């Protein structure tokens, strides 16, 4: 299941901006890749060594650094020194589980987003993506080893002239990150429809647990996706000096997507609530029906058994005419059977009239 | 049922504004129609060929292009080239399932709305309507083959001088689109009243499923109709430079309708919630009554059967005066019957006092 | 019951401002009445003919026109022509079921309110009141034949000098319309207390239906009363140029009433929710108690009947010492009765210890 | 219980500001008291006659008039005339049940508050306190005979130089009125903890009714206390010209108290909701357990009784070897008893395995 | 459990700023400690005597006073006199249970926060921390004896040059206080996951009580943590003149943490609600299953027992052919057994078809 609490945090009181190792020891090391523009054309993305990272001020053409995995504090400190990153932003990269946000340190814009994806077992995962946009470079760090940008790498390869500015590249990466929610929501919508079908036809503990898992995922999704909208809003409102006029329109487009995603999440939450109501109501229905059947059975057979019990009594005063004379009647037995039949019949008639079956 | 997720989306990372074919292969092709003003009078709307679409800058009188169905990427690209449409807006036409919104690209105003309608099977459908207003033309695209504007076509035919400006035409189309919600909500109100009647008199699984379907539709309706209000608000606030003063008042009227529609949807949601409460409470009532009946039956017949059981025991020590002497009494049997009658009677009296029946 | 959907609407696409007959054919015609100031004194209100309505520009002293019932399109068009009313406002008069709102057309202020009242059967009704304030006249239209202004007519008769300005008259009419909610809410409060009493002492299906009816009315009331507050707010904020300074203070007083009314409606909704919880909890309590009784009965009599059943078995091997020798014991029967008594007693003791009765 | 609707209201349409007698005829008359500063020192508060009330403009030193009980219209009109009160404010005094609010008529500031207190029977009561602050006087009217200001009277007596300005006095009275909510909320918190304890250990109808009463009180409290915050806010924002700079800080302190009170009320509402959930869940638990017991009993004894019933049948063909030969076996009876023991034992084993007891 | 109401309050009407003893008599006295910068280096924190507290105006280097425990009114008055604290702020220190807030008195900034921590028994506690920032000193008062700043003391010891300004020190203390919520929320998240696991697998009264305790804690946490965000916001918006530009960025970082904490609390509340739904649904499931089993048992054995009862009747007219002739048939007994088998079998087949087991 999705984890509810995912943040790494240092002991309270630690100086903010302190870098602490958070990579599990058995996890594979982080890799850094680079694509850059050369004479107005993108070179394909290539792995590089950490100490080959150039100093930001010496860059002349647009560089895109992409880090996969949690870097060690040493690697991150090196990156920070070369590219001029702010310690707070680097701390957030390591601590993970951040709320989507946008921060600005003079020329440096830092956007933290959550990329939603399902892993191979169909379990929802939120991958933290941190994007740094400097004067001549964009640095993207995805800490959970998800391949977020295959389509963008293909675009760079096929249309080498595309994405010529830092803000265009930033937009493309953010766009890809936000749009990752669509296939997830599509799948969630399908799951809701399956659960709905199950709830109406064969509700049970297993369906209930699927619904619970769904609601849990929607809670986590919501926590991730709500602030995404604010991030876009803040960029458009406060940091548009870093964007070219053309890019603003495209950013507004991402904003629209973020709003649409939130709308979907809210609708799904409503649906999940409605499904739970359906479940409880159907259960209450079934209970009613089972109890009705029990009542019908008891109401029919209890009087009959009682009558049979009466004539099982051993009253046998030989001379008393009151000592169960029926037992000795010629037609006594068929008469009693008839009475029983009448009792049962009238009960059934009564239940039928009450529409109990 | 209404679909929860209806959006087409390209692989995340695709360059925004990329046109992708979304028309199902077996779907019929899109048709384009044209009505235009000639010497201050409207010509009736006529089908036209895609390549006859004129270039926007050459238009002299008001033209209304109306596209029915999902156009192919080629047709749309042609339209975009001739009329100067922005790629993002064209992408939205193809992807469908958009949230109502308004976008502006310099002189071009793009309004996306959802037209609510019930199909022949009484199933609610949201049809996406995209309206483009340029300098001298209005382009309307309805992608799901609903005939939205019969009344407006009649108005053009009967009052050829009406709707002389682009913003008047835009207003008329938006007005028709928004007002399509009224008959739908009228029908929903009627359904709520039917479900209410059923809930109070004969609640059951079938009524429950009708209520669930209703709630689902209200969730989808709400997602569509909330943003409609914002669209109107935004037009009045940000884009009133494109409207004549007279049209502003009429736009405010649509705004009032949108607010009224939202109020209705919210009230209906409240009602649906209240109906579910009624259902659960009535079910709980019935359960109580059934169980009471079972208890009454059991409480009366269990002691009686027990008494009968006692006298069915085979104690028969011939000389013991303690060996069920009652069996040999002269009035033993009637006495026991009397006792049974008293037991049953007092039980009944007790239940009556507790108002159990 | 209150109707959920009450609006008349033309086919979507109809030109706004089109007047359509909405009066049911069997309904009585609308009547127009007039009171006006003559030499600084009010003449009493008198019925007048529709074609005697003067042209607004020719009026010299304050006129109050009051229309009762839904006017025909002809009558309304005449009114509109003489008094210079805007078509949109006139359309709203005919269509009914409007949301409270305020509109302004140059010099003309149009206020639409809902007057809440109970009819003779104690059913809540919302009557639409439209108020037009021009330069020298006020026109009030109440479309559902409720006598809203008896107290104001009396004030005019008794204090002929009162209400000398259009805005004072408008204020008086709005004040009366808004305050009509107080007796209704008073009655609702009383009903809530009755239902509360019934819920706690004798909950049942009938009480449940009363609660449901109450909630339905609160939903409709809320939809009507929320926007009333906005209407007052808008008048104070946007149209205070039409009010004398003194009238502003009185308008603020209506605003306070509107807020107080909304507070009451919200509290009542909370109370209604709380009552439903009480109902469900009490029902659950009763169910528990009934089932406990059933369990007590079954737990006591099932073992007893079983014991009696044992000794009703016909084992009768004449020589076997194992063939129910108890049957032949001298004290066998009293012994068994004693055992039964012990079983029943210990069961009862056990239930008593569990505080089951 | 707290009343839901407490407002007196005149017939709708009555001229606002009309004074109407609202004091119940059997209620004791209102008393007016006066304390004033003489040579920079407070004289103790003394009862005075209504016609001794001085004219506001002639006052030279700070006067504090305090009215206890609902004044008659005559007394109020006299007060209004002498102190220059606005008719709307006087009407609010008489009508009671007002929402907390602040009004300003030129130099006159009118603050209406609700003082929460429990009466001797522990029933919550909201007492309306109206405070008028003029140039040289403060008039406080508490209409329900609660002694709100004992501590302030003591302060005046002990520190005669304190509260030298109208706004300081106003602050002191408001502070005392708002802080009256703390002991009430303290008591409510204690009641919640008692109900919580009862809910977890011995839930029942009586606890349920206590919870309901609590929720009702919280609904009324909330309606009273929410607007208190707005009153303080409005004073600080709009009327700070009437306050000395020093008093502003103290007013902000009341504002903080009002916010804290609201936070508590909201938390208590959440707690009350949580307690209801506990109640319903515990009830559902108990039901489950009772029904389990019933099922255990029935599952054990029904088969046993059936077996006993079999051997109670009177098949007795003398020569048929199939006519219940078991009855005649030497070890028949013990064998059957053994079988019964096995059946009962295996049932018990099965229930034990299902952790049913 | 966490206390719902924790505030000390004086009798309503007491002059605000009055210091009242609130320390329980048996509680240990408060201790004051001091750390200060000497020649640009921090001396380690040392206990000091109350009367050694210097006068604020004479301070030349940054001093940090830290008070542990509730000071007596005398000690606090002394502090107030020497450091120039405002009486309202000092009153808040004594009264405890304050809502997080920020106040400013000229040069003095007072920040009140709640530090969340679990005590040794795993019970959540909110400790009130009040921070005063003057020109040359910071005074921190933690009234509940929690060691909040061990890490900061270590930082001062290890990096004597750090935290050279009052606002940096204030930031560090606030940062530590706010971050104390992370381990608590981490633990809460873990508890939710444990309860979730228990709810799905073995729901019961004990799990229910754990859930209730959790919800109670979340209610209290929320009340504490919501206003923390506003405190940060207010500092950034209104009091940034007291902050160096560098500190602003760090304060924004605390703000981000506060928002993230609130997001978590809200998600946890949602989860807790979802868990309750799970609980009720699972309970309803189990009830259904138990009742089904009861119904199966009753439906099978009641008819069988009835049949056995029939043949236990003592009809024995010697010559009547209708007097239970079956009893005398040669294959009567096996036939009846067969019939019973058929009845039981068909019942079982029917239940199987209804998927009841």
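Labels for the chains are A, B, C, D and E, by order of writing; each one numbers its residues from 1.
Methods note: a residue touches a chain if its C-beta (ideal position, glycine included) is under 8 Å from a C-beta of that chain, and two chains touch if they have at least 3 such contacts.
Here the structure is a predicted model, which is why all the values come from computation and not from measurement.
Taken together, chain C and chain E share the touching chains D.
Rounded to whole angstrom, the centroid-to-centroid distance between chain A and chain D, based on C-alpha atoms, equals 40 Å. Between chain A and chain E the centroid-to-centroid distance comes to 25 Å (mean Cα coordinates, whole Å).
With touch defined as above, residues shared between interfaces to two or more other chains in chain B number as follows: 280, 284, 287, 291, 294, 298, 302, 305, 309, 312-314, 324. If touching chains are joined by edges, the resulting network of the protein chains shown is one closed cycle, each chain touching exactly two neighbours. Partner chain C is touched in their complex by these residues of chain B: 148-152, 155, 162, 172, 175-180, 182-183, 185-186, 189-190, 192-193, 200, 249-250, 252-253, 256, 259-260, 263-264, 266-268, 270-271, 274, 277-278, 280-282, 284-285, 287-288, 291-292, 294-295, 298-299, 302-303, 305-306, 309-310, 312-317, 319-320, 322-324. Those residues of chain E that touch chain D in the shared complex are 3-5, 7, 9-16, 86, 88, 98-99, 101, 103, 105, 204-205, 208-209, 212, 215-216, 219-220, 222-223, 227, 276, 279-280, 283-284, 286-287, 290-291, 293-294, 297-298, 301-302, 304-305, 308-309, 311-314, 324, 327-334, 336.
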